[in-house]
């Protein structure tokens, strides 16, 4: 995709647009050819307004003032995107950002849209709305290239499917003539693993008890806001508690509060009966909290450091990483070799930097590291995000194995299948509160999605997928709390 | 800081040989050596060009420098000169290793040396007691002066770059206030200085010939060893480096970033406090208005040159001393000694560029190796292939 | 559980932000109000202490003069950091500007010197660009290296070009620390208004005369370069915030990957930004050279670093930089021209802090209000119990003030998001 | 290995070679270095010696100065002269190593049998400047601007104040320094200009500036005001090319006879009877004097001569430290 969009140059081969062979040297070339791309990670500048983000690089079309605003509103109306041009990007929610990204592409008059995993952060209703938008686009005669790991989505939205594995085209199929199972086999070269887990290993021995947790924080304007409120839950030995929710509803803050990075202003956190509400992060981790962070690059690894130093991260006070105040490099090295072996981290050695590994292998290293210290409770935030199918299966396996041995897991994921498949019980988080609970045995992704958008109070399944149910965190649908 | 090479990791010299047998390590050693070589060659070339353009014969100049710099008295001089430089560099490097830019070493060592000199002049204890007291005073004062910046950064989020610059100026005023006849100083002709430290409290010298090497070199060596050991071998050092590499990751791993910031600034300041000691205890015996200034800024350059590495900084400090020693000699030969300033600038700039180029080349190589490995494994499809669901007992059909 | 999804009733409470009314942000009316308040305070202090020079035209004119080079350096820093590059090499670029201006100035006059200064500084900026953008060197490392290099080069060339035996430069007063003098750049005065305001100022009426004095500083014996600097500040605002060029440049400092993905050549913009950055610092150096009519070794005296401080102080906005530089200039001039006035400043600070305390109290921050009030009280006591301040304290006052202000307000600052981060073309995910 | 001194010995230790090491200002600093150079130049002409000039870098330490002096001594230069009080300690140290060489230092008093300390009675010269200022001012306000507040500049201040006061006690004296203990004060003309402007705006009409290169700024500022006078230091600033356009505002300069002192020392060594010890060049022997270029103080000659006489005769003792 980077090549198609001119960000990288191919060694060989040709690209043809509208029957004309082209050489794309830069994104500018691609844009000139009517190719537009919505990247896997949002490409937005938070501190600029929506309007500024959209017109950036295409100022010649309609200027950067009133003309541009008019055009944006026009486009937004025509495709039902509902974009408001004068908000700062940092003030709008994930789904809105996605639409801004699409608008950016449309604004440049692109005829070919590349969408790289656009649904990763959306709830099913938002996905449906997005697909609605895409169908409108294709109806207008635009070409859409849709990249996804989620096979159901591909099958439902695509007219034509190409499977790529390790840099080469494996097959091209029509959605009508294939099944998810067959697609999956094409992708991994073997059968699709599923996160299903049925035999309950839940005991009644509480490991992590959170009661009445309350957290408030200051926003960019210095105003006090409630971020978490009335959070109560208990995870027992052998239990996986899943938390569903649209991103930005307090999950990240909940994790940080449990880990001890944020100091809650109310409530208690108890680990195996001991109150750790005011213990520093290090103590909590020593007492048995394992942590697979949401953003491995930011929170899980030292990208510039070799693997064996990364193996110490978060556990530097524990053997085999140190003896007393001194590091035990030898022990850490040896143990890293073991993790690489046991967890199948693909690397030429333990001296390479963590940054040179692929995402999946980085994640396996993190999982291996956390599991090596026999945690009592594992906080797993999006443990398989952006990870290839093979690594995904391994990580699921690992969680299941540990759970059998009595591990308690707090699982946070945007992948509802993963959540439903792995969890023993489920909670839904919305605007900083746990607003609903569900039984993974019976709940469907759609029902969960409805609850996640905050319409759960209206009952189940009544919410229509569409613009009026879209969550708009940050757009101020009601008064906030002030301290 | 981000320019840290993997080769910048401290490793005991004893393992060097064993390391050579290891292909990976040999390569890193080669990488580590190629950067300074590349830089030195570039710097020589650029300086030659500058001298050539201005009508001087560069080769003759280099010859003069090499010749004069290798004399025994020059060597002693260079070593003595390098002692405070090394200490200043170490102070700066402690900050660098955790992404703090302590631009205020200059102010810290002056404040520290001043108060240490005052204390040293006021007491007349036996040397064995008094010298440690003086050193301790210096470290505490330096630590406090840097600690202010650390505290403001941790508690109020004020950039340490700005606070330390401000504190340099403020420190100058503080010293100026006290360094007056009738306050903490006395007057000797045109020089105002603190009371002389009793000669029993001077540091010893190594009776080398023709000139003695200052005993304070032991302080520099000790700081170097402690720096290497604490950063590379202890949990604390690991935490500190982790914060330098990624603050959020360190925080999540259980390091208290704020506390580490304050601690690092305190340590940096304490080492900065020692910068003035070689001058105070081996040369002047008091702090006067002729006390050297600007060593802190030289320290920054040397930390950059030596890549924050305890041995690297040693070489860099010696190189700096060499340039200054031989620069003066150039005047005798009809050259302008100011060319030394140009050389210093060019060397620092080419070193940082060369290091970055080599580092990036190393990373690209590493990535290629990772890729090759992956390709080889997937081609073999063998033992490490992705696990199918049959591996897992729990997957239901 | 009967339904697959049981709602925990009553728990849904919205958590959105308070509408769009952006509280606490500086809007134009607020800024005007603050300025008016400060003026009132100043008049009050002037009246109480009878220190006329607090609001005299000469004082403010000189403050502007002192502020300009610092402000230009700060603005240079702003250009660089808005494009995502930290520029700690401002001091070196200023030296290059100072030197180039001195070198060209004595031969071709002050305007040529200004041009040369800009070019000299811009060369330094481009060198920084080569190191940081093309070679990806750490920004601070490169900046420090440039400061060292600039000092070396400038001193070497000064000796070579201004002090060569038998040269014209030597004959005309050059030496290895100075260039020969250049012609004077005459300042301008707006005839009628200047005198009228001067009369008004002389009357010493509360507020009115103070205002007249301050305004007169902008029309009486003002350096053309000061005017140029003002235009550049306004121009910077317009270019960076009101043009598509500026939008692109700023987005390079916020999210270069996104900018690249929209077909913008990020390297080009960073190069341009650094050239401008260096050029502005160089202009600051040239300003000094034109002011003292020559290159003088060491005349930059850390102003580049102070510029960096004003940039942070000014929250990366031209108005803020101007205010920060103005504060430095004002405090510096105060102590240079008229030392007793600094004592009066204690009263000003005390009053200012008390007003701030009332404001914080009104906003519900009692602890902060108390702390500030106590500080203000101490200042008041200090003012009442002394007649003069030690020279050393006076000298340190601009730095102490900066430290104090940053300590109070640092948390409200907003750094460009991608500043200092290494960026490589084509590395976006 | 081999020390640099051993190999240098083969170079001639010939007669008639003089080494002069300047402070950072360098030989053309329009100040005391330049005056020292004049002395050296005169020796070259009149005594036929050859003089090697060396200049210090910014931020030097004693080690750097010791090295410079050692190199000169080792190469056989005799006498070796350090210009500026910072050379004091270094001269003491090096002189002990080279008993056969004569070492001189300006503005300091070194130790050792083969050393010669040349200091100047700046306060006495400044006293005369004060007298001239007091007799010239019409506003009865005069100013003193010092570059750096240190003992040396304090001598200038003390003498000037005493001279003014003893001539006319009603005159108000404004005293200001550019910096406290920061050598930037000797190279910041912009600041000196501003300080002069402040004094001028408060009515001062004669300003004495003792601030090295910074003085140019103050004199320029003074020249912009009708009827205001500047007083220079060290060299006769009326004669300086850089200040040519302001000649008409330079009332006089307090000239230090560094050139004479340096010449005397060289001559004594050439004659085989090197000067040693400490010598203060006083008003009595023209070691300090007021420059008369421009003729602006010609009509004050009687009063100035009277003041000179009283100092020389010891009727007046001039303070060398300012009253606090």
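Note that the chains are named A, B, C and D in the order they appear, and that numbering of residues resets to 1 at the start of each chain.
We take it that contacts are C-beta pairs under 8 Å (C-beta built on N, C-alpha and C of every residue); 3 or more make two chains touch, one makes a residue touch a chain.
Here the structure is a predicted model, which is why all the values come from computation and not from measurement.
Student: Any chains in contact with both chain C and chain D?
Tutor: B
Student: Any idea how many Å lie between the Cα centroids of chain B and chain D?
Tutor: For chain B versus chain D, the centre distance works out to 39 Å.
Student: Can you give the whole-Å distance between the Cα centres of chain A and chain C?
Tutor: Chain centroid spacing, chain A to chain C, equals 42 Å.
Student: Distance-wise, how many Å sit between the C-alpha centres of chain A and chain D, to the nearest whole number?
Tutor: 74
Student: Name the residues of chain B that each touch 2 or more other chains.
Tutor: Residues 2, 172-173, 176-177, 338, 341 of chain B each touch two or more of the other chains.
Student: Counting only residues that touch at least two other chains, what does the list for chain D look like?
Tutor: Within chain D, the residues that touch at least two other chains are 55, 58, 149, 180.
Student: If I count partner chains per residue in chain C, which residues reach a count of at least 2?
Tutor: Answer for chain C, listing residues that touch two or more other chains: 176, 392, 395, 411.
Student: Please list each pair of chains that are touching.
Tutor: A-B, A-C, B-C, B-D, C-D
Student: Give every residue of chain D touching chain B within the complex, in rising order.
Tutor: 1-5, 7, 52, 54-55, 57-64, 67-68, 71, 75, 85-86, 88-89, 107-109, 119, 149-152, 180-182
Student: In the complex, go through chain B and note every residue touching chain A.
Tutor: The contact residues of chain B facing chain A are 2, 4, 6, 24-25, 28, 232-239, 241-242, 245-246, 248-249, 251-256, 363, 366-367, 369-370, 372-375, 377-378, 384-389, 391-392, 394-396.
Student: What part of chain A is in contact with chain B in the complex they form?
Tutor: Checking each residue of chain A against chain B gives 166, 188-194, 196-199, 259-261, 280-286, 291, 293, 298-306, 309, 312-317, 322, 325-327, 329, 344, 346-349, 351-353, 355-358, 389-391, 393-394, 396-397, 400.
Student: For chain A, which residues count as touching chain C in their complex?
Tutor: My answer: residues 2, 5, 7-8, 26-32, 37, 39-48, 52-53, 55-60, 63-64, 87, 91, 104, 219-223, 225-227, 229-230, 250, 428, 430-439, 442-444, 447-448, 450-451, 454, 456-457, 460, 472-482.
Student: Residues of chain C touching chain A in their complex?
Tutor: 1, 3-9, 11-20, 22-25, 243-244, 247-248, 250-251, 254-255, 257-265, 411-412, 414, 416-417, 426, 428-429
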